[in-house]
Amino acid sequence: MSCALALNDVHKRFGRTAIIRGVSMTLSAGERHALIGPNGAGKSTLFNLVSGRLAPDRGRIELAGNDITGKAPFEIYRRGLSRSFQITNIFHHLSVFENLRCAVLWSLGYRYAFWRSLERLADARSRAEELIERIGLSERRDTIAATLTYAEQRALELGITIAGGSSVVLLDEPTAGMSRSETERTMRLLRHVTEGRTLLMVEHDMDVVFGLAERISVMVYGQIIACGTPEQIHANVEVREAYLGTATMEPV
Amino acid sequence: MLSSGLTLIFSMMGVLNFAHASFYMLGAYCGYQISDWLGFWPGLILAPVTVGVCGAAVERYGLRALHTRGPVAELLFTFGLSFVIVEVVQVLWGRPPVPYRLPPELDGSLFTIYSVDFPRARGFVMLVAGLILGALALMLRYSRVGMIIQAALSHPKTVETLGHDVPRIHMLVFGGGAALAGLAGAVGGAFTVTEPNMGAQIGAILFVVVVVGGMGSLAGAFFASLAIGELDAFAKVIDRSPADLAAALGAPIDPTSPLYGLWSLTLSQSAPVLPFLLLVIVLLVRPRGLLGKREDR
Amino acid sequence: MSAVKQLRWLPWVSGAVLIALVPAIFSQGFIRLLFAECAIMIVFALSYNLLLGVSGMLSFGHAVYSGFGAYATIHALNWIGRSHVSIPVTLLPLVGGCGALLAGVVLGFVSTRRSGTAFAMITLGLGELVGACWLMFPKFFGGEGGIAGNRTVGAPLFGVSGWNLGSDLQIDYVVGAWCFASIAAIRALLGTPLGRVANAVRDNPERAEFVGYSARQVRWLMLIASSFFAGISGALAALNFEIVSAENVGALRSGEVLLATFIGGIGYFHGPILGAVVFVFFAVALSQWTKAWQLYLGLFFVILVLRAPGGLAALLERAAIVLRDFSALRRRAGVLGTKTAAAILSLGGLILLVEMTYHRTLEATGGTVVRVFWTDFDTGHLGAWALGGLLLSAGALTFGWLHRQELAAWGPDPSATSGGETR
């Protein structure tokens, strides 16, 4: 099985504090992988390192065999990796439709075109409309993004992330702050939308983790202490002590 | 000296202050008016106070409302304000320079080295500058107020939860910076000339000093202003151009070649441009400035 | 559906009609001067808004590009005159645009490396740099006197002799046509992928990077586009006034376009157009009536920044919304009327005080009497000052009190919006 994403002994420190202390992971193509761990373990930092927001001090990150260590975010995106953000990161003055249209433009090859009329680009429009349907925001198509509710903004956030059709998708706490029903809807959406894609997500909601993930990595204090299938992780004593607590958890 | 006040304020507020050069000018005009009524020395004390109050008012009623809207709004506001202040000064005191002079006690020379007179006036200006800088540095470093200000610099929310009135601190710091600028103006205007254009003239160089020295660093501003002053003086003395250099090296440039006008520029002719060239280079290469600590947003 | 579509053509048609009729009817005098200045400023402000409103880039040195365009044009004009080349002068704005575009490519490469405050400061520095250069290159900048030209050279337009821009009417039509074409081109640019992505970079440059766009590249391209149109506006100024001097590149001009654009409203396509017209009115018309027009302009600008950052376009939109809601309007009519009266009174008081002060400072030799609002006031008499002060304070206090009352009763204005993809 080909390797979609590989991290090799990645290190990062801020000032004198080491946040990521030697992380190695491999994700196969099409795998759904969850990254869990207590707060402050460094999960968001790891995402930032992979997606180009930060550059690692040491180590190597490869996307489908290409070295993306320390590259700029737009370069990494163009090679097929996109990510969502824990704190919603949308284009607040544009409408939902415009948000999504901007997100698809590059992947459709339009780049910095200043000689073509946006309205005439039928594929950009239809992609954006399709996405709006998928994420369930059809009624809010022309609403300015800043005026959406929190849940709607999270949905838009997800929509922007998957808009370009990247083969590797990183999701940072996609169901944070959602109610039970919203979470289940999002899970169904995620399952549907990431078919055939490689997914790496950070999650705290264990139902989501055990329901979606094929493999789980547990991160504590900047290191991966365990990696395996949900059953293996569930049974792992170290993990239970460090994170899951001693209460029994039923996999969904 | 001006730069230190400006630096302090920028570090505090995160805004490069267009209006600061206007506070300098206001200080000069207030100094003039007050010394007209009460004499130079009362003017020297009252003018900075007046300008400081104005500065605090500007912060309280203007800038405070704009914090949430971002640096662009703050820049626009101080830009507009500086424009208005120049106009107000013209309405009140007219366009020509006003006769604001240092008092006769400061005439004459302080001492003489190698038959070159060192004027008392210059010594006085340097003394005031040094006192201010020193007081500022000491206060920031060692006093409790200084610590609070430094903390509020980097973590305003935390300082707020500790019970300090951060908006009030902002207002006091801004007013303090304005007062400093006013003092500089009260002295500088008497030392040189007091006219409506003085703010714009000094404002440009001020930016260069602050940006080159590094935002957030008093020492940086100090070194930068020294460096730029030296660069200016040095360049003005050199009456040679790259064309002369080429000729001296045995490969003279043909006078009819298209860019000869450029190559035959002497360094002294290009002196006014050098500070801005330096500004642009520094902003490109090391945007934090020589000793700056603050990251660009 | 077709009614809406027809409505969209209305501003374009009426604009074209205006451009066709105004120079013909007002063939000399004041309105003619306003027409030319407006056309030039409209293009300049629209180009500036490509940076500020569309891409979120605040520049304090935009006159550098319009100035380069002006100088390129005047030099080209003189070259045509000298070498008797048969090029129609009406095409010269393209030369101006390209000259400015070159400057935009080079200087923009430097300035767009940073964003936000640092970018603004770099543009200030670059503006000062160019301004400081003008004495160093007298052959290009023309020194104190600037460079003069004669636009009645080169080939006549379409080969029709007599169409050589000799008359005011002809130059007005040329300027008007270029203005119209520029407005259309900028409108079109905003409807392209680049235009929309520029909005995205303005709103959230980081996220734009995470959907594949280099924010820096986008900013550079937008600056290049903006400099091109600024160059056209400079070229029009060069052709219209037949002289270009350091004023065309100076910091004052950069400040003017910033004021004009912001006053109009940076979140709307028509905002800069509105702002340009208002600015020209202040500068050309108001300056005839009072010497303090710059003070009024500055105060207006500051109040807008503090209270109505959406500019005049936003205020008009809000007014339209308020006026359409008849029932609420009837309820508030009394308060609104009183507020308006209070505002007018305090404005009157302010003007009175300012004019009197100005008179005493600048025209003291002309006696103590000054004419304000078609009435004579004696600045030596305390009564006039008291009246001014009373009007100003009473009006302002009343307005403020009423405003607070309304806020308490109705809550903040829900129709207040802030920008969007430029409408």
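In this document, chain identifiers A, B and C correspond to the written order of the chains, with residue numbering beginning at 1 in each.
The working rule: contacts are C-beta pairs under 8 Å (C-beta built on N, C-alpha and C of every residue); 3 or more make two chains touch, one makes a residue touch a chain.
Values in this document were obtained by computation on a predicted structure and should not be read as measured data.
Asks: Taking every chain's C-alpha mean, which one sits closest to the mean of all protein C-alpha atoms?
Replies: Smallest offset from the overall C-alpha mean is found for C.
Asks: Report back the single chain whose CA centre is most distant from the CA centre of chain C.
Replies: A
Asks: Could you state the distance in Å from the CA-based centre of chain A to that of chain C?
Replies: About 45 Å, centre to centre.
Asks: Quick one: chain A and chain B, Cα centre-to-centre, how many Å?
Replies: The computed centroid separation for chain A versus chain B comes out at 48 Å.
Asks: Using mean C-alpha positions as chain centres, tell me how far chain B is from chain C in Å, no decimals.
Replies: 30
Asks: Multi-chain contacts only, two chains or more: what residues does chain C have there?
Replies: none
Asks: Touching residues of chain C toward chain A in the complex: what are they?
Replies: Listed in rising order, the residues are 188-189, 191-197, 199-200, 202-204, 206-214, 217-218, 221, 225, 417-421.
Asks: State the interface residues of chain B toward chain C in the complex, per the touch definition above.
Replies: Going by the criterion above, the answer is residues 14-16, 62, 65-66, 69, 71-73, 75-77, 79-81, 83-84, 87-88, 90-95, 200, 204, 207-208, 211, 261-262, 265, 269-270, 272-273, 276-277, 279-280, 283-284, 287, 296-297.
Asks: Could you list, by residue number, the parts of chain C that touch chain B in their complex?
Replies: 56, 58, 60, 110, 113-114, 116-118, 120-122, 124-126, 128-129, 132-133, 135-137, 139, 251, 255, 258-259, 262, 292, 294-295, 298-299, 301-302, 305-306, 309, 354, 357-358, 361-362
Asks: Show which residues of chain A lie in contact with chain C when the two form their complex.
Replies: 51-53, 72-74, 77-78, 82-83, 85, 89-95, 98, 101-103, 105-107, 110-119, 121, 124, 144, 160, 163-164
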